Every structure is written in C-alpha cells, then in structure tokens.
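Per-chain residue numbering starts at 1, and chain names A, B, C and D are given in the order in which the chains are listed.
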Amino acid sequence: MTLRILYFAWVREAVGTGEETVAPPPAVTTVAALVDWLATRSDGHARAFADPTRLRAAVDQSFVALDASILGAGEVAIFPPVTGG
Amino acid sequence: MTLRILYFAWVREAVGTGEETVAPPPAVTTVAALVDWLATRSDGHARAFADPTRLRAAVDQSFVALDASILGAGEVAIFPPVTGG
Amino acid sequence: MIRIVVDTMPIDASVELALVEALPAGAVATFTGLVRADDGVATLTLEHYPGATEAALRAVAQRAMSRWSLLGATIIHRVGPMHPGDRIVFMAAAAPHRGDALAACAYLIDRLKTDAPFWKQETRGADARWVEARDSDHAAAARWND
Amino acid sequence: MIRIVVDTMPIDASVELALVEALPAGAVATFTGLVRADDGVATLTLEHYPGATEAALRAVAQRAMSRWSLLGATIIHRVGPMHPGDRIVFMAAAAPHRGDALAACAYLIDRLKTDAPFWKQETRGADARWVEARDSDHAAAARWND
C-alpha cells in the first residue's frame, strides 16, 4: 500500500519535509500505528511524533481521531492543533 | 411657563406641525397632564393623543415615562415608540 | 474611540470599516441594516429627533465601551428618504478579542432599536405607512439586562 | 450564496461586503480578524492544508446556512506572510433578520477557529514561533452544540 503523507506547521519543520510517499507494512492499520511507524524513519520524525497528544490528523482530507483506520486511504495528514482566524 | 413641544412621526402628522410653543396652566405638572391639555387644542391634537398607550415622551431630550414631571422643563417631545435601525 | 454620525448622506461602509480597523484591535465586528429589496417598499424615510438622537447613540456606545474591552465603537445612522439596497445603519465594535467585538456589536444594534429616537415610514406605491415598533426588539434589548 | 476564498492576496473587505449586501437580505453581520499591531509581531505567516481548508470552510458555511435563515455566508481567509494591520480573515452572514445574521457570523468565526486547517507562525525579530491552540477557542466552538 502506497500512502501520501502530508505534514504541516512545526510537524513539517521537525520532519524536514511537507510531503512524502511511504509504504507501511500491512500491520499498520490506524493513524496512531502509522505515526509510530513513521517515527522510526529519522530523528526528525521521532522528534515530531514524540508526543502524540500534540498531534492531529486527517485521512483523505477528513479530520479524524488518532485511532482512526487508514485502510484504503490515499492521503494522511499529520499536524498540530489548528490555529486559524 | 413657556414650553417648546416637539412631535415626531404620525404624532407630528396628526397634530399638523412638528413644533409649537405653548404655555400650559400651572396645574399641568406631568407629561400625561400636558398631553391631556394639548389634546384640547385641535381635532388633530385630540386624534394624535387619543390613545396614550401609543405615545412615548422625552423631557429636555431625556426619555421619560408619561407620569414624569415637566416642572422646570424647556422642551417636551411626544412621539410613537421608536423604530430605528 | 466613539464615532457617532446621523446624516442624510449615504453611509460609506468602507470608510467606516477602515476607521475602526485602524485601531490596534485585532477583532472588528460590524452590523449593517439595509432597506429590504424584496418586500415592495419603494421608499423608506427615517425621521429622527435631532440632538436627542446623537445623545442616545453616544450613550449606547459608551455603555458598550464600559461593558466590554473595546478600542472603538461606531454607530452611523442614515436619516431622510432611502431606497431598497441602501444602508440604513452601520455599526462596528473593535476589540482585542473576538468575543468582545461580536457581543458589543450585537448590543449596539439591539439597544439602538429601542433607545434611539428614529421612526421609519415605508412607502409602497401611493401608500405611506409608519412602521410599528416590535415586541421582539424590546425582548432583544432586554436580554442585555442593563 | 456561499463564498469561500483562501488566498495569499490581501482581503478587500469593501468588495466582500458589497457582495453580501447585494443579496436582498436586510441584515448583514461581519467579522474581521486583523494582525495585531501592538504585541511586537513583525510578520504573521498562515500555513494551510490546500483543498482540505476550502472543504472545511464550505462545511462550516453550509452548517450556518442550514441552522439560520441566511441568504449568504462568506468566509475569506488569507494565507502566507502578513503584517500588523493586515486582515487575516473576513466573514459575513446576510439574513432577513439581524438575530440570524449576528448569530451566524459568530458561529462562522468560532467554528473556523477549531475546524479549519490553518496554522499561525509569529515572527518577532529573529524568533519564529508557532501559535499554540487555545482552550478558549474550543469552548467557544462547543457552545454551538453541533
């Protein structure tokens, strides 16, 4: 499964890129599991994902909780709580 | 005592003027008494003041209840409930 | 900053908005009342009580300034004859925080409806009719409990 | 009418106000959020999630349109670098009655604060800092109970 991953704000800065394409193993079926798996990719990833309570996510552009499924998803975004307006 | 009386909206139209100067007798000490006294001045006045519940007033540009005093006042305005904005 | 204008000239909302936005506020809420274009009114004429009107509007703005943390309150009310689509009233509240700006703006228009000596006359064809005061306006003003 | 714009261009509030005022509404409420000019921020940079942002804003506007009797809802959000005094966001709600316009406008900004994927970065001198989300924004959004 190939997945497009987007990062925003300080998550993007910590990871060092705003977008990457990954192929997580089949056991990775939730956003939380994906985050744990992504954290192993680099020191920047590990730093960005150290505290999951500071992270929010969207699957195929819909906001979801971290325990949401990523099965069949094409795009997952990981970012801090929003601060618009 | 000389008093400047102002009328607005349909009260003004019924009375037939927007302003007049009057000298009510000393016994006329409240807005309500003034309205009753003014009602005797013409058919238009009588029509305008037929239903006091439809009237509002200001004494020297301050909104007051109809039982308010007019002692020492220079200007009394009589008008319908306001409908601005 | 309190800005009160009662005038027969059309209201320039862009100019008024720019004046409140120039305050170092962060949040600006506005309300514009327009002559409805869909209920057959050809002309809406606003009569007012010169002098008393401005004083009443200033008192409303001052109460808003003391009740919320505002940097500015603007009330512009047009008088005289107007036509569908024309602005009757424009008000704005500027504050550091949006909650204050939004609440103060709602307060300004609610209180104006009951506290300021304006009277509306609608003309439809040959028929001229004075608008009746609405109980809902008094209910809206009463909720501010001041 | 729902109008959603997310763009790096400065927000022209006059044009946006004119668009909602052109509806036969009678009552228009607006909210403008500006870069504060008084807290030392030199540059405010707004990052967003292209595509998801517009969808989130449209969903907020649609919920407002179905909850109140509105003729129009506008949300314009600027992104990219901005400076003190610049407009970050402009929203407007047009309705036949002022209560609907005012409530819907407050709803639009409260929900935008929690539902739309924007992130603010403040630059003061050499120091760039991502703005933290505020609990008060979630409390403000939660009061709409939807």
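Brief remarks follow.
Everything below uses one rule, namely that a residue touches a chain if its C-beta (ideal position, glycine included) is under 8 Å from a C-beta of that chain, and two chains touch if they have at least 3 such contacts.
The shown structure was predicted, so the numbers you read here are calculated from the model rather than taken from an experiment.
Touching chain B and chain C at once is no chain at all. Take chain D out of the picture and the remaining chains divide, by touching, into A | B, C.
Averaging Cα coordinates per chain places chain A and chain C 49 Å apart. The distance from the centre of chain C to the centre of chain D, each centre being the mean of the chain's C-alpha atoms, comes to 23 Å.
Taking each chain's centre as the average of its CA atoms, chain A and chain B sit 73 Å apart.
One inter-chain figure worth recording: chain A and chain D are separated by 26 Å, centre to centre, where each centre is the mean of the chain's CA atoms. Under the contact definition stated at the top, the residues of chain B that touch 2 or more other chains are 85. Contacts with at least two other chains are made by residues 33, 98, 109 of chain D. All chain pairs that touch, listed by label, are A-D, B-C, C-D.
Of all residues in chain A, only 6, 8-10, 12, 58, 61, 63, 77, 79-85 touch chain D in the complex they form. Note for the complex: chain C touches chain D at residues 13-14, 17, 21-22, 24-38, 84-85, 87, 96, 98-99, 101-102, 105-106, 109, 140. Those residues of chain C whose C-beta lies close enough to touch chain B in the complex are 33, 46-49, 51-52, 55-56, 77, 88-89, 109, 112-121, 130-134.
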